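After this come two complexes, each holding chain A, first together with chain B and then together with chain C.
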Partner chain A sequence: MTYDKTWSNRIFDGVNYTLLTLIGLVCIIPFIYVLAVSFTAPHIVAQGGFILYPKEISLSAYKYIFSTNTLVRSLGVSVYVTVVGTLINLVFTSLLAYPLSRPHLKGRSLMLLAVLFTMLFNGGLIPTYYVVKSLGMIDSLWSLMIPSAISAFNLIVLKNFFQQIPDGLEDSAKIDGCNDLGILFRIVIPLSLPAIATFGLFYAVDHWNKFFSAVMYINTNTKWPIQVVLREIVINASSRIGDTNIEEMNIQPLTIKMAVIVFATLPIIAVYPFLQKHFAKGVMLGSVKG
Partner chain B sequence: MKRNNKLALVSAAVASTMLVSVACSSGGEAPSAGKQAAAPEDTSPLNLNIAITQVGDIPAKGNAVEQAIEKYTNTKLDFQWIPSSAYNDKINVMLASNEMPKLLKVNQGPTVTNAIESQLFWEIGPYLKDYKNLNAQNKQFYENIAVEGKIYGVPLYRNMGRGANVYRKDWMDNLKLAYPKTLDEWYNVLKALTLNDPDKNGKNDTYGMVLHKTYNQGSASIPTRFAVMMGGINKWGVDKDGNFTPEYMTPEFFDVLKLFRRLYAENLINQDFAVLDATEAEKMMDTGRAGMRFGVATNGKSQQDRLNKTNPNAVVDVASFEGPKGIRIASENGNNGFLVIPKSSVKTEAEMKRVLGFLDKLMDPQMSTLLLRGIEGTHFGNTADGRTEFVGDGFNIFQREVKPYRDNLTVLEGYNVKPLKDVPIGEKGTKMESDGIQYIVSNPALSLKSQTFSERGQELDQMMMDAQTKFIMGKIDEAGWQEEINKWKKAGGDKLIAEYKAAYLKMKK
Partner chain C sequence: MKGGCAVNTQANAEIRTKESAYKLRWLKELAKDRWLYLMALPGLAYFLIFKYVPMYGIIMAFQDFKPHLGFLNSPWAGLKHFERFFGEDQFWMLFRNTFLLAIYNLIFFFPLPIVLALMLNEVRRERFKRFVQTLVYIPHFVSWVVVVGIFYILFTTEGGAVNELLFKFTGQKIPFLLEPEWFRTMIVTQSIWKEVGWGTIIFLAALAGVDLQLYEAARMDGAGRWRQLWHITLPAIRSTIVILLILRLGNFLDSGFEHIFLMLTSTNREVGEVFDTYVYVKGLTQGQYSYSAAVGLFKSVVGLLLVLVANWMAKRFGEEGVY
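Presenting the complex of A and B:
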């Protein structure tokens, strides 16, 4: 398709390009800044000012953060919790969502009501802590995965998605001798892969960002996920003089904070491009009412 | 079909009851097992788990420092490091679920006071006299954390008179200014540091002092420190009959506010102070745009270091808060939290005494040296004149390996430890902090109990802090200030005053 470019067209395009470029820069510059500062020699950063490229390249910040294995270890914990936790999430959520999506199940609405109830009311911090404690999960990584195994919201969306799968499919599978579990794993799940991938991503991000429950339930510092370590380094160290009652803290120079951020963001940046297409597709699913 | 359903329902019910009973029985067993383990045997190493705040990186388990402590104190230590960002939440959960270690670091606050009042911790006051080091410390340390006159914890001692002014000596010398003593002199100095180009760069780009949005909060409140220096009271004053007066109603405090109001009106302090972050204010000092900041005496050295990164000629000095009545320093609370011994984990008096003995031993010369200076050869060395100094990269290694323990255990700089050889400003700061105790003005309401304060103290404080800001910015006049005080009194201030009086008289009895 071709059309003549009039002046107004060109101006319109010009304005568009400029605006989009500006918005793009606004998104990218902070990342460049973080990256640049992490590679700059500390004494240049101390002079202040805005840094877009390292005037004097130094790896001292990275040497510092890798001088102990704290970060690598906590990254390992986070990856473990994210992978195993997400698997648990998906298995449990589908196992509950599927029966709830079958209209012939007795007591279905009661069950659904119970799920909805948890969205409105929760036990609160201390009762939840008691539950985790009496299940013997304190100071165990299970405490980060089991109590949040099913998200009520995700469950309901997934249930609605399962409902769209025609009953006929199920019936014909039954005639061919398939039992209920077989139907779920051989028919329903393969048909719902985009939705499963999306919720997998939702759950994975949840696990990756786990901070508060980790602080509450995990007592041994070698089992902390990366967010807890990150927060200590990035946020706490910057509040050094708010209250002079606090002894002067170990002040982490800006370069170290930035290096830590780069290090902790890397896995997400590495994984996201491969999931992005599922993500964009999956979110739309189930949003149209048939 | 129907029968099947019923069967399923019944079996589900049975299964769930079984689950519940299993959970209950395992819950019931736990305490008895704990009792067995806690059977005291005086010669075997004491198993001691301690929950404390994380400071910087967490040292690896069983490192040299931990081993040295274990060996000297005959204990088996198990530290639980809690990130400071979630410390209070975590402690609250621990208190509520009664799942506590044998030693727990807590900070003063309503929850902790409630826990103390419900007798969750051992009262250690009567035992203190048996422990030479704990007993040797200033009584004020303990009074500051007492609850209704009784002592339930061993403070992480901090010098109470640490407050000092960190200032640019080179700027003062450039302008031939004498260090101020009265409020008028302060006005002149702050004015000169702002307008007379103290850094000689030909630009009007400096301030004498930079305020930030938390300038009047907590024990570092600048107006309070100023008022105390001028002879006023530290937050609260009390007369011999137990009548309490808040600082807002004293002339000294009001004079300080008037000074800042004038400085603000004449553009001699930063106009954006009500919203400026404390870290931004710090940065202005670091980059040579501000001449003074109120901090603690040992800030002088670190300030000098930071300034010299950008300006090698900068000279920093520290000065005590000295006014017409001599040096007067608003006292800090004298602790960085305190260690309590929960009754649920330490069941017998004998074991409690052993735990106290551990804390006492930490203040012996050998342990004090370890916690304050590190390991000889690795971190520090002895000098010919009987002092200690960090060797090589010792200071930085100390910060990583020893500081986490120092900040969380019972030690006090200057007690049972040889002085540290340092740059002059560092030595001066350390000495000023130890000496400061002679000049402190205490807050008599610090450990008094008030229902109103625990319920609405924050809100009441906030009212008056906002009023101070409004007054300095000229949004209200003197009559308006009076009105704010009256509002505060009606909103609960009067009740607070009465409750403090009652608590004070009860304690004096």
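Presenting the complex of A and C:
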């Protein structure tokens, strides 16, 4: 649909395009600033000002990060929790979504109702903490993965996705001697790969960004994921990161802060292009169908 | 062994004669779907253990909960913890902080994704539209720690870029992060920056479903762009707006726990402490399990009531509602 080139339309479009460009810039400039400062030589950062590109490139902040145990270890913890946690998420979610997508299954609507109710009401922080504690998960990395094994919302959307697969395919697989488990892994999941990938990435983002559950459940600082370390360095501004002292190293604390932010953000920016193709569709499917 | 077998076959025979055909068929169906039930087992166990046991655990709010005695054996305390909570001076502070943040979010945050979606919808150049969308979605994917961290670095009075610019133009610096009066503004600004783009997705989906012929017809009748917006586009997404408003009211009291937790400092506690952060402090750092469970329960019940009321109102106004 095109509009006539009247003046009022031109002004409307002009204002609209300008505003949208500004909004887009406001969303992205802070990240560019962080990236630029993290690569800028300390003496230039010390002069202050708004740096949008590094005038003099320096890798000292990154060298520092990789010289400390704390930061490298916390990156390792985050990678481990993200990879293992996402696998657990996908297995648990698909295994439950498939039975829930079979209309003939007895007790199905009761199970669905039980799942939906958890979206409306929950036991709250303290009883949940107590359950995790009783299971002996405190201070174990399992506490970051098992208590969030299934998101009810993702489960319902995946169930709806499975339901759209034509029944005929499953019937013919049954005739060929497949049981339900075989159907799920050989037919349903391969056909739903775009959806599985989207949810895999959503879950992975959740795990990577996980902060509060680590504060709550993990006491030993060697098991902290990157987000908790990031908070210590940037928000609590503690110059001592576990085993080394930033000020002793004679580096701009600001560039270190920026470099840690880059590491805490990088994986998401890296998966974003792959994610973007699918998520809008996935989210819409879920929100429209409930 | 031989005897056991004989008894079994006998028993089976008896069962077969006694049980109704209906029940047999039912069992057969269960057996036929045994793989499906087996598959569902881990997921159902998850919901049972991590969602329903904590719901049952709410009874600790009515007990003097002792961890070594558990939910089952701790002594009962009646409404003691609730009475204490409502009697505390803190109660009204928490109530005010929680509600003000929620209302600020509703007024300043809720309409913005709708406005942004309408603006994007007016863009006819697909590439430009997709480019802007890509940019505005990005902040949604980073953690609250990163968002709060970036704001700390940009807004600090000690060399933060925003304050340096302010100083250049006005000769003054504003302590955005230290002054309690800036706390709510900062919280709402951060929420908007992180989520406004992401919030457009659902409205853009609704807008994509509008029949283009309606616009053609309106233009034939001489309607300009504003009139088309007002008479076609907005009514078309009305029900989406109402549903999201209900959902928002359902989470009215959840003003973003992790977010507020990260922004709280000793200087802004008076305006920043909300029910959720109070539950954390009392329960997990001071070990008052029962008392903070009671506070949590109060919040959940108020939240649940808000959803039901909002849904009822939506139905009264002729919308579909969510439940």
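As a working rule, the second predicted complex is superposed on the first by the 196 of 290 C-alpha atoms of A that agree within 3 Å, B and C clash if a C-alpha of one lies under 4 Å from a C-alpha of the other, contacts with A are read in each partner's own complex, and residues count from 1 in each chain.
The rule is short, and it goes like this: contacts are C-beta pairs under 8 Å (C-beta built on N, C-alpha and C of every residue); 3 or more make two chains touch, one makes a residue touch a chain.
Everything numeric here is computed off the predicted structure, so don't read it as measured data.
Of the two partner chains placed around the shared chain by superposition, chain C is the only one that A:L100 touches, whereas chain B remains out of contact. In the superposition on chain A, A:I150 makes contact with chain C only, while chain B stays out of contact range. Of the two partner chains placed by the overlay, chain B and chain C both lie in contact with A:I126. Of the two partner chains placed by superposition, only chain B is touched by A:T68; chain C is not.
Looking at the superposed arrangement, the partner reaching more residues of chain A, out of chain B and chain C, is C. In the superposed model, A:N221 makes contact with chain B only, not with chain C. In the superposed model, A:C27 lies in contact with chain C only, and not with chain B.
Annotation: chain A residues 48, 106, 125-126, 129-130, 133-135, 212, 216, 228, 231, 235 touch chain B in one complex and chain C in the other. Across the interface of their complex, chain A is touched by residues 5, 23, 26-27, 54-58, 80-86, 89-90, 92-93, 96-97, 99, 158, 162-163, 214, 217-220, 278-279, 282-283, 287, 295-296, 298-299, 302, 306, 309-310, 332-333, 336, 399-400, 403, 407 of chain B. Remark: chain A residues 43, 46-48, 68, 70, 106, 125-126, 129-130, 133-136, 138, 212, 215-216, 219-221, 228, 231-232, 235-236, 238-250 touch chain B in the complex. Taken in their complex, chain A has these residues touching chain C: 1-3, 8-9, 12-13, 16-17, 19-21, 23-28, 30-31, 33-34, 48-50, 91-93, 95-96, 98-100, 102, 104-106, 111, 114-115, 118, 120-135, 146-147, 149-150, 155, 179-181, 184, 205, 208-212, 216, 227-228, 230-231, 234-235, 254, 257-258, 261, 264-265, 268-269, 272, 275-276, 280, 283-284, 287-288, 290. Residues 26, 29-30, 33, 35-40, 42-44, 46-47, 49-58, 60, 67, 70, 116, 119-120, 122-124, 128, 131-132, 134-139, 141-146, 148-150, 152-154, 159, 161, 164-165, 193, 197, 201-202, 205, 212, 215, 224-225, 250, 257-258, 261-262, 276, 279-280, 283-284, 289, 292-293, 296-297, 299-300, 304, 307, 322 of chain C are the ones touching chain A in the complex.
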